[in-house]
Amino acid sequence: MDDLITQITAHYNYWMVIILMMIGLYITISRGNLIKKIVGLNIFQTSVFMFYISMGKVTGGTAPILTGNPDEVYSNPLPHVLILTAIVVGIATTSLALALAVRIREAYGTIEEDELLTIERDAEAAEDKI
Amino acid sequence: MPQFIAQHLPILQVIVPLIAAPFCALISVRNGAWWLAFVTSLVTFAISVLLFAATFDGEIISYHLGGWAPPIGIEYRVDMLNAFVLTIVSGTGVLTLLYARASVAHEVDAKQHGLFYTAFVLCLTGLLGVTITGDAFNVFVFLEISSLATYAIVASGAKTDRRALTAAYNYLIMGTIGATFFVIGLGLLYMITGTLNMADLAQRLLEHGDSRTLRMGYAFILVGLGLKLAMFPLHQWLPNAYTYAPSAVSAFLSATATKVAIYVLLRFLFSVFGFSIPFEADILFLVVLPLALAGSLIGAYIATYQDNLKRLLAYSSISQIGAMLIGVSMLSASGLMAAIIHLFNHAVTKASLYMVAGAYAKEAGTVSIRELRGVGRDMPFTTAAFVVGGMSLIGIPLTVGFISKWYLVEAALMRGWWPVVIVIVVSSLIALIYVGKFIEAAYMHPAPQGIIRREAPLTMLIPMWIFAGLSLFFGINSSLTSEAAARAAQGLVAASSLIWQ
Amino acid sequence: MHHHLILRVVAKLLLPFILLYALYVQWHGDYGPGGGFQAGVIFAVGFVLYALVYGVDELTRILPRPVLITGMIAGVILYAGTGLVGLFQGLTFLDYNGLAADSRHGQEWGILLVELGVGITVASSMTAIFVAFATREPDIDDEDW
Amino acid sequence: MMITSNYALFLALFLPLGAAVLLAALRDMPRARDIAHVATAAITFALVLRVLSGFLAGDVAHLYLFDVMSGLPLAFAVEPLGLVFAALASGLWIVIAIYAAGYMRAAEEAHQTRFAIFFTLAIAAALGIAFSANLFTLFIFYEVLTLSTYPLVAHKGTDEARKGARTYLIILLSTSIALLFPAIIWTWLASGTLNFEPGGILQGHLDPALAPVLLALFAFGIGKAALMPFHRWLPAAMVAPAPVSALLHAVAVVKGGVFALLKISVYIFGTGYLSSTNASQWLIWVAAFSIIVPALIAITKDDLKARLAYSTISQLAYVTLGVALASQAGMIGSTLQIVMHAMAKITLFMCAGAIYVAARKTKVSDMSGLGRAMPVTFTAFLIASFSIIGLPPLGGAWSKYFLLLAAADAQQTAMIIVLGVGSLLSIAYLLPVAARALFLPAPAEMTREAPPAMLIPICATAFGCLLLFVFAHDIYGFLLNVPLLAPEVAP
Amino acid sequence: MGVIIIDLVLFGFLVLAALAILRLTNLFAVTMLAGLFSLLAASLFITLDAVDVAFTEAAVGAGISTVLMLGALALTTREEKTLATRRAFVPLICCLVTGAALIYGTFDMPAFGAADAPVHTHVGGEYLQRTKPDTGIPNVVTAVLASYRGFDTLGETTVIFVAAISVLLLLGFPNRANRRKQDEDEA
């Protein structure tokens, strides 16, 4: 029992993050709307960011901006740096995905995956008939 | 060679295309963007050849970016394996760009060319950056540069077929999930080691020993890279993306993108994880190997009933990726060598085949096998290049495909894995069916009525035949490639902590 | 576009502050939270606000396509160029130690320059992406807001 | 002679390749092209003879090109078996080249240049097989032979031709990739070399218990040897024009197959290893089966070329039987069977072609009395039939004799019976053809003999069957040179 | 303990927001919730001492990405169609397996906030000590970002550049002159 409690206090943060991640991933792979998928992907990625930032946290620490006080404890700056980069990658991916969704809507008249699949299957069937 | 260049070769490899790429977007002179891209790729190729020569004797070049010694700073680390892959990537870049001039003019709007070539060169940059780096997070950053550029250039095939858009979108979603899995895995590794430098990671993982965190880190990196390299059954993005992308892009990606992902996999499996805990090898044997075997058979099988030539080639790629993974999961020096040499051989073969498909798309207006009947007479040189590439896919002697197959079967036999030999052989027999199907249609059937087809222009034929020529040359005399592959495999073997037969 | 006058006036008043804040974030990154990327985003948000109030056309008048593309490129080149300086000084790429007389000042200069590069690229890229979406003609008529 | 043996070997291998280019260049000049084709054949034959004379004089030619993979070179070396096969292939090439020129024109076939080019390539591949110094080189040329004959089989471009050619390609390539290829790599891993060495290379490297498995991979992997059940390609390839059938069934393809098998048994396994481990015991029975069953099928075939095809399968199994018996007599019997059958079968196929060109007949039942109009053709057919059956004074008698001898040596009484039955069956399927044509009453409409360009080769090879009877002893003497033991073991 | 409660509350809101995004079909609402999600995430980052990241997440997630999302909605659709036929079973299994794997992985992780975790004792700690003497800059994140790992940041800048180039390649970017001409034509 003690073991469990130790586990919980030590890792509850990560577990919450994992739950968020999985909701995001689930939205991405289960929803059919292209925009919603992108939102899901964002949640997934943001949760991964939380995971990294959680790693960098030191209990009782402060933000890694040096104050000059030699006794000050700082959280780890490296995960922050990595995640700054990752956020940028995330927004870049999002904007590209949105642009694709817009083009798909213009070309097909829909951004629902199922309808797109039907249209493409019909197109393939038509090609086969020629 | 000036000392300056020799000293900075690793960074120049990436920074030259990175600086040159943006200017492609600015140039408005007719074909100016193409020229810049092409010249850039030539320089890149020259650099990678120099790196190849420099590492051929086993030297490992380490370059400290920003002057910070690793693991504080980011390190570029070039050994035989990187240099080999760099040469493949940049060489493919040169030839596909040469090919692109006529092909892309046909498939992409002229006013888009500046942006298109910018994205193309950045894709090249990203792939080179992934290959050359010795820092695990840097891999992710450059992987995303290349991926984003890839999605864009795949989508620019939409002028010919709107399905390029959905293909690019699916590729984006799956690719991003893959990249995120990779980042999660990396995070787990970082958590138990506190470092991101690959060499340092390997060291500290060895000291760390077994743990559930390490195991999951391994699993997530494997799945993430599996998505990127189209490992069966995570390959669903690949067929449409390669089918509807502009042909030059298909040729480029098939020869580089998945290959670089396989390289990263090799690098992580052997140089970083090094099989220090049994779990790593177990997963390889129990999960990756069966999937690779299934992929090599199912991919080939699906290819047999495709009418779209580009899609046929895409499924064949899935099968060939399976073959490479078979080599990797043998966990033997010979298996690794087979995988690495197949990396090169398949790149050369597939690039030429996609170029053939692109030539058909341009001159015959179709890549449907049914509509390409009798094309062997109208486009003799193009179709002959297909014959060479097709024989290589099957693994007929005197082509590179044979060399790959030889080493692969040899490695399997050394392990005594007869069932694996059977799978390799059967997938090559299925290749015989799908290649034969097209060759028969192209030569033995009369052309449909009222179709005018002319031979492709020289700027397409030359790169196509350089690739076809390479797949013959290195099929007849493989001493250079097999030596490079053997040394690269040796390097990986030395880096890992497996006990090798 | 004809929005409320008040909105336009408020926006006009707000905009300089947003841009000023962006500049502050840009230069203050060494000492507090912030830096090129955040500044670039704030810049872009400022332009977006401008476009929302005055119309995208007005924004593209001030920042036409060539300007934005040049900006995107300029940032990358500034960054890479700063790195190249180290190369020509016999150091490695992105080594800022040689940018000033002593290495600490060199580092400060280097960081300042590359952050500026990031800021320029991010601001112009984000603005360009926004403009690309905003200038696309919507073709929706099946639903209402 | 002006040129050295080595140089002659080099030229013999690469002249045909150069000639293929020349033929392509001459595509608009059919006459010059055909002359060039025949001339190439003649020069190649002369070169092979030069290599032969050099060998007899103790000047053993060899040629090393380069390593394809490390330790696996493309290399050629001369030894007696290969010389016999090379001389046979290049010699009969002259005959077929002349015949083909006549046939292709008379039958008004399209794409004659393409035909000549691939024909040349096929012979070049056969020579490559003959002179290969190691199993690796042999395999490469084996595959080249398959691929270069595919366009020949599919030559007519009809649905039937495509289907036949597909079967041909799929069976030959599949067996070679699925069985032969792993077998070669296995050998390579076991013994660390693939060179053809006197006495074989597997002795002491391969567990004798596994030897039958490896032999099975080789025997079935060499699909060109048409061992049942991988014989289907042979009848399927009947759709090809007659000169191609002659090439496939007499000279290059099937003979390339059984020759490869022979070479592997002698120089890879080693006759001694095979007989001491009894590894080939099972193969004797498979060969026996392949002698009898196709012969029975042949009797039921009305299409002349199909009948000849099944006859070929049956006759090839004789060679395999000789190999399986794993003795010197068996080896010599096999080699002689290759030679004798080639000479006789080429005659038969050329006759079939002549009949088709002159009378447009393909069915045996339609040929009654045709011999009166085409006496030369059918006489030649009769002579060749006797040779196949094994009657003296024709060449075929010797090969059957040596095989009987080998079977007796090995105390395989059953095989003696099989050989006898095989001969009886060959009488049953071959003699009626000539007999009906020559002795039944003539049909109403009369035809004439085929053009001389076709008749002369037919007469030449029929005469060759006779000559071989006389000179068989010389070949026998020559074959005694085949080193069956490793040098250190030999006295 | 107080920090834990704040954390839990924030996580609670985050999960609620994510679930709401999953359930809602009005994409406008989804977008707004996504912005909210980002703001909550930013708050969480602050409690975890990542001020730079929080700043960025707020600017990007709640700012620019919401704007782009709305722009995209204007060009596509505002309502997600719910189709009963969608298979949700396989994705659910995938997610559960992935999540279970991750939770399995957490059991051997260093405890949250532990100062002796490898993350803090190796490179990370070194940055904190070296930054001042090396660069004289108080914000360690900036120093690492722009100098120690400056090459990653160059890559990051390139990523943004690629994204912009790609969006322009996909959506085009009409020159003002063209647009004006278009307007005149329409008029």
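A few notes on this one:
Every chain is named by a letter (A, B, C, D and E) in the order it is written, and numbering of its residues begins at 1.
One rule holds in what follows: contacts are C-beta pairs under 8 Å (C-beta built on N, C-alpha and C of every residue); 3 or more make two chains touch, one makes a residue touch a chain.
Predicted model, so just to flag it, every value in this text is computed and none were measured.
Contact with subunit B and subunit E alike is made by A, C. Any chain bridging subunit C and subunit E, meaning touching each of them, is among A, B; the list is complete. Leaving out only subunit C, the chains are still linked to one another by touching in one piece. Relative to the C-alpha centre of subunit C, the farthest chain centre belongs to D. Once CA atoms are averaged chain by chain and compared with the all-protein CA average, the nearest chain turns out to be B. Comparing the CA-atom centres of all chains against that of subunit E, the greatest distance is found for D.
Pairwise, the chains sharing the most contacting C-beta pairs are A-E. Here the spacing of subunit A and subunit E, counted between their Cα centres, is 6 Å. Measuring from the averaged C-alpha position of subunit B to that of subunit D gives a distance of 44 Å.
Subunit B and subunit C have centres, each the mean of its CA atoms, that are 35 Å apart.
With centres taken as mean Cα positions, subunit B sits 27 Å from subunit A.
Shown for subunit D are the residues that touch two or more other chains, of which there are none.
Of all residues in subunit C, those that touch two or more other chains are 31-33, 37, 69, 72-73, 76, 80, 83, 93-94, 96, 122, 129, 132-133, 136, 139. Each of the following residues of subunit B touches two or more other chains: 18, 22, 25, 65-66, 137, 141, 144, 148, 151-152, 155, 184, 190-191, 196. Working note: touching chain pairs come out as A-B, A-C, A-E, B-C, B-D, B-E, C-E. Per the touch definition, subunit D reaches subunit B in the complex via residues 66-70, 74, 139-140, 143-144, 147, 151, 154, 157, 161-162, 165-166, 169-170, 173-174, 177-178, 181-182, 185-186, 188-189.
Contact residues on subunit B toward subunit A in their complex (touch as defined above): 137, 140-141, 144, 148, 151-152, 155, 158, 162-163, 165-166, 168-169, 172-173, 176-177, 179-180, 183-184, 187, 190-191, 196, 307-308, 368, 370-371. The touching residues of subunit B, when paired with subunit C in their complex, are 8, 11, 15, 18-19, 22-23, 25-26, 63-67. On the side of subunit A, the complex with subunit E involves touching residues 6-7, 9-16, 18-27, 29-36, 38-40, 42-43, 46, 49-50, 53-59, 61-68, 73-85, 87-96, 98-103, 105-106, 110-112, 114-115.
Note for the complex: subunit B touches subunit E at residues 18, 22, 25, 65-66, 68, 71-74, 112, 115-116, 118-119, 122, 125, 129, 135, 137-138, 141-142, 144-145, 148-149, 151-153, 155-156, 184, 188, 190-196, 204, 208, 211-217, 219-220.
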